[in-house]
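Beneath this line is the structure, given in structure tokens, with notes to follow.
Chains here go by letter, A, B, C, D, E and F, matching the order in which they are written, and residues are numbered from 1 within each.
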Amino acid sequence: MTTLGIVKRNIIRADRVATDKLAQFGSATVHEAQGRVGLMQSYMRPIYAGAKVSGTAVTVLLHPGDNWMMHVAAEQIQPGDIVVAALTSPNTDGFFGDLLATSFQARGARALIIDGGCRDVAELQRMNFPVWSKAISAKGTIKATLGSVNIPVVCAGVNVEPGDVIVADDDGVTVVPAEWAVRIAAAAEARESLEGEKREKLASGVLGLDMYNMREPLAKLGLKYID
Amino acid sequence: MTTLGIVKRNIIRADRVATDKLAQFGSATVHEAQGRVGLMQSYMRPIYAGAKVSGTAVTVLLHPGDNWMMHVAAEQIQPGDIVVAALTSPNTDGFFGDLLATSFQARGARALIIDGGCRDVAELQRMNFPVWSKAISAKGTIKATLGSVNIPVVCAGVNVEPGDVIVADDDGVTVVPAEWAVRIAAAAEARESLEGEKREKLASGVLGLDMYNMREPLAKLGLKYID
Amino acid sequence: MTTLGIVKRNIIRADRVATDKLAQFGSATVHEAQGRVGLMQSYMRPIYAGAKVSGTAVTVLLHPGDNWMMHVAAEQIQPGDIVVAALTSPNTDGFFGDLLATSFQARGARALIIDGGCRDVAELQRMNFPVWSKAISAKGTIKATLGSVNIPVVCAGVNVEPGDVIVADDDGVTVVPAEWAVRIAAAAEARESLEGEKREKLASGVLGLDMYNMREPLAKLGLKYID
Amino acid sequence: MTTLGIVKRNIIRADRVATDKLAQFGSATVHEAQGRVGLMQSYMRPIYAGAKVSGTAVTVLLHPGDNWMMHVAAEQIQPGDIVVAALTSPNTDGFFGDLLATSFQARGARALIIDGGCRDVAELQRMNFPVWSKAISAKGTIKATLGSVNIPVVCAGVNVEPGDVIVADDDGVTVVPAEWAVRIAAAAEARESLEGEKREKLASGVLGLDMYNMREPLAKLGLKYID
Amino acid sequence: MTTLGIVKRNIIRADRVATDKLAQFGSATVHEAQGRVGLMQSYMRPIYAGAKVSGTAVTVLLHPGDNWMMHVAAEQIQPGDIVVAALTSPNTDGFFGDLLATSFQARGARALIIDGGCRDVAELQRMNFPVWSKAISAKGTIKATLGSVNIPVVCAGVNVEPGDVIVADDDGVTVVPAEWAVRIAAAAEARESLEGEKREKLASGVLGLDMYNMREPLAKLGLKYID
Amino acid sequence: MTTLGIVKRNIIRADRVATDKLAQFGSATVHEAQGRVGLMQSYMRPIYAGAKVSGTAVTVLLHPGDNWMMHVAAEQIQPGDIVVAALTSPNTDGFFGDLLATSFQARGARALIIDGGCRDVAELQRMNFPVWSKAISAKGTIKATLGSVNIPVVCAGVNVEPGDVIVADDDGVTVVPAEWAVRIAAAAEARESLEGEKREKLASGVLGLDMYNMREPLAKLGLKYID
């Protein structure tokens, strides 16, 4: 359970090499590779198409309409981090814009994942600073209440611990527990190497029904072909 | 009413020439031409902008979180078809990705219309395989339960019979009953030829109020101009 | 409170110079400059990215599924106006397409803001006529009922008076009361000139915590750093 | 596909005895008995708790904000019917209130199922006239456009043919094709008689795991118990 | 346009007799009587069924997650008032519970209308203090930011001026401009007296088609009866 | 992060006395007492009004459309437990009905909290078995895939560990970490004892503005009273 008013300075980040490698596989493959868990809800969308990143989570818990803790989070960013912002109750205000992005980028952050709104999206695209958010909104926020930084948070349906790996692309956002990073990077790589061969077969006209030997189990369940 | 566990092999597809012609008119004009019916709900959105297609429907009914019948559907695809996937209850999982798209494309499918989620969207755009879906989601699905292929389905609020024409573009997805295809293609063409003339008049500054003779009926209903 | 069946011909438009100037600051800065009010709800989205406009509001109140009053509104448009369309109850039909856009553009309108649906979006982008809407839908509308033109309307949560300034970009839509236009244009300009300096500092690695002197008030509220 | 401007007078209603019998089993059991199909989406809610009805469908297709065809439908009602109202596009206006209910009730209708809004709900409860709707709204509607009566319609995600059986209770609304009514009534009865025995066993503390012999298949799939 | 940080003490309340009379007609009839305008969106629901009230509006504008201004509003309440709470951006926190209700009730308030969340609903029902809200939520709020009291606000899609009449029941919430109150009370009364006669006729089996002479206009529009 | 296919048999349940005591304070007070965290999202609603319970969590993770693990969970229930069911992706099917309720009740469960759908709601009310759910749906589910029991799950936005305390009533559902139970029960009790006195003062007409000494801080922030 989260507590308010706390900033944790020392967090254990996932293995850097594994973290960086995970970006190339994408959110879908990584989510499959770790047993189909860890995917944020599908309302989390990139503010512009084509970005594909991975990084270690610095978490922040915000109150609706208040982005004060974003500045506190900025100080905890290390190069290669991705900030993950959760809210204590649903809200779509624009908690993040180009000024904060400038600061985050200067600290080495690669992206922001926020279960709320984001603004200055045209400028953020020019800056090449990707954001996955629940909404785009010009609505400004205040700086009045304490949240926390680097505590476990629930963001878009997934529990995120500080230091976990975040993998985000056009398909969504997957969270990999820090201690699984190396294992999942290997599993994702293995998974992807198998896909090339399958793709070729399917492109040549072979059916999945045959390639995956599905005809028998389907018939067993009672699938009937009629004319 | 649908039944589960059925694959219908022989379906009567709409007239090919009429089907292919309908793409150019777009979903809005075709929907108007057939009396303002047959339009799927507006939450059905293209995964990338600019695609404009028409084709004959191969239908598939899926259970939430299970895409097994997609492979059964693949075998029923003929060149010029568009797969229309309905769900037995609302769900946004990623039922379709680049491997299935490779298979569908190899069979001659032009697009997928799915009342659920889709993934690998960056790859699908590279492949030039358009999808209209309710959601984009990296969430993988299982292969455990029987649905049906080529039975009537309700997709995004419209009843679709196998063989019906699907017209999809940036404005949405319209369904034309197979037996209406030729008539609607003609009606849409007639409709469009009238639009060019109207467009010119309006561009020159003529008001719709005058062009359509609306002033009198509006006055009759009591419209009052005040200063 | 609105009344139906009224068209007001003479409206007092906001100062032209201030109105035109406001576009460059964008919806977020203008909304902040006037005290964080006047922003439409975040479901109002541009039909294509990159447009940034300001203009004076011509308002129109429509019934669900009926766009007749759009033609009445067209006649009231003057160069530099933006049409703001509200609905008497929520509806996502396609009230606006390329023909109406041709007419609006011929009259000098710069954009449409509609708390409903829009269609022909590919064509509208080609025409360079931006629309901010609640939905994209090919659904056609009828012409059967009276609404009103140039009365106060509530659009996406904001009360808009005819003549008010509309500022719209990728972040959303802000409404500035006509009589505030000059003052807010100045305030927005002042605000923006301060941002350049801040941006530089943040880019150099200075933290917002220090730049805005936040450490003390945060400590006073009880923020605790732990290791 | 639906056509507008049509009223079909002679429809084939499902078997009366089977229709009347289906009410007692409820929407859940009937939906299971026919193979888990035919259930309307879960946003369809009763305007008051406790009603449980079945009847034969008189269908009506309405435009958003227009309830004119409800009066046309009234004439087609026979004792034991349930009116099923679909919309050409999503809308929550109050299409139905106590006056129409008085008329429907006088004609022998047992209920209304509407993929839109309903009003006068306190009065409808006093009248004992149940309604399952998408919304409750005081919003009045106009009488200006033609829809159709007794054509196939899609209501809340299910295709309904005139004459089909409607079964509705606190759990939702299930549609049984007219020609299946007798068979499904028998199947539902059989299903229910089995439930009594199961209920007793479960009440005595027997686990479903044992009663349904689930332990082995779960173990086969790899379920692991840890301490 | 609203301004923050303002409390207006002297407001002109609608005529008391007319205001009190409006409750009996209900939100639907009043909304019709004033030309089908002024109805809040249908997501505004009573926290318990059966309440039916009217009163004069004391308005309050709140920030998401902050209910401080509710206490400021309490002081402005006079017997017969209904508090109308709007938010600067969408939020469902529980801004109101039994303590505030005790205070409001002690001041003579009859109800609360809030475009946000409410809590302690079981207790509020015991106190007989009705609330129409967007959500029920136990989420507590803070007291940190200034809103305003007795300024015009947009609540659930309707512009409300302080002193306007609020009519609320199970069907929803209608707003009557203060200066229209006497006229609308008379119109609603006239409207209702006509309904009794219509109800009797319809109950006796007369069809609306005949009572309202609809057959001819329907035939003119082309309605076709088929067998 | 969750893993699939696991059942944990020995969990550490929160202190029984503290757990049982928490029911009386209700979800709102408990959520405040632990620092305004731990509240599930407000879409979680009781299937009938008036229930108020607390208990220790037995957690279960389900796949969309599959309730198999509910039977596995039943065996892990001990008297005084509340089952908390989370889903791997959003789904509103009816995962729970009267048969499972009979089994859960026989094992000593007090309630079910489910981030999905529930059915047989009339029967559940008769059985006095309360459920808080996201939806009511007659939609049946299958038994085909492995989830897990007694692992940490995210339910309606809150991370729940097996053994945590669940407090649920008409206002919503609050989760108290097992190790905080004793402390929070004391804090909630203290909080509530203060409320009685406040309530009396407010009922006598004292304003919160005075009782809480708010006038000065409001004036400092610039609140202006105008006439």
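In the analysis below, a contact is a pair of C-beta atoms (placed from the backbone, for glycine too) under 8 Å apart; a residue touches a chain by one contact, two chains touch by 3 or more.
The model shown is predicted, which means the values in this text are computed figures rather than measured ones.
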Subunit E and subunit A - chains in contact with each: C, F
Number of hops, subunit C to subunit E, where each hop joins two touching chains: 1
Reference interface A-E: repeating pair among C-E, E-F or B-F with over half of contacts shared: B-F
Separation of subunit C from subunit D, taking each centre as the mean of its C-alpha atoms, in whole Å: 42
Distance between chain centroids, defined by C-alpha means - subunit D, subunit F (Å): 31
Inter-centroid spacing, subunit D versus subunit B (mean Cα positions, whole Å): 27
Set of subunit F residues in contact with two or more other chains: 36, 39, 88-90, 92, 137, 139, 145
Touching pairs - complete list by chain label: A-B, A-C, A-E, A-F, B-C, B-D, B-F, C-D, C-E, D-E, D-F, E-F
Parts of subunit A lying in touch with subunit C, wherever the complex brings them together: 5-10, 48, 68, 70-72, 74-75, 92, 94, 97-100, 102-103, 105-107, 117, 119-122, 135-140, 143, 145-146
Residues of subunit B defined as touching subunit C within the complex: 26-28, 31-32, 36, 39, 42, 45, 49-50, 52, 169-172, 174, 195, 198-199, 202-205, 207-209, 212, 214, 218, 221-227
Subunit F partner contacts - residues on subunit A that touch it in the complex: 1-4, 34-39, 41, 88-90, 152, 154, 157-159, 175-177, 180
Sites on subunit C touched by subunit D in the complex: 63-66, 88-93, 137, 139, 142, 144-145
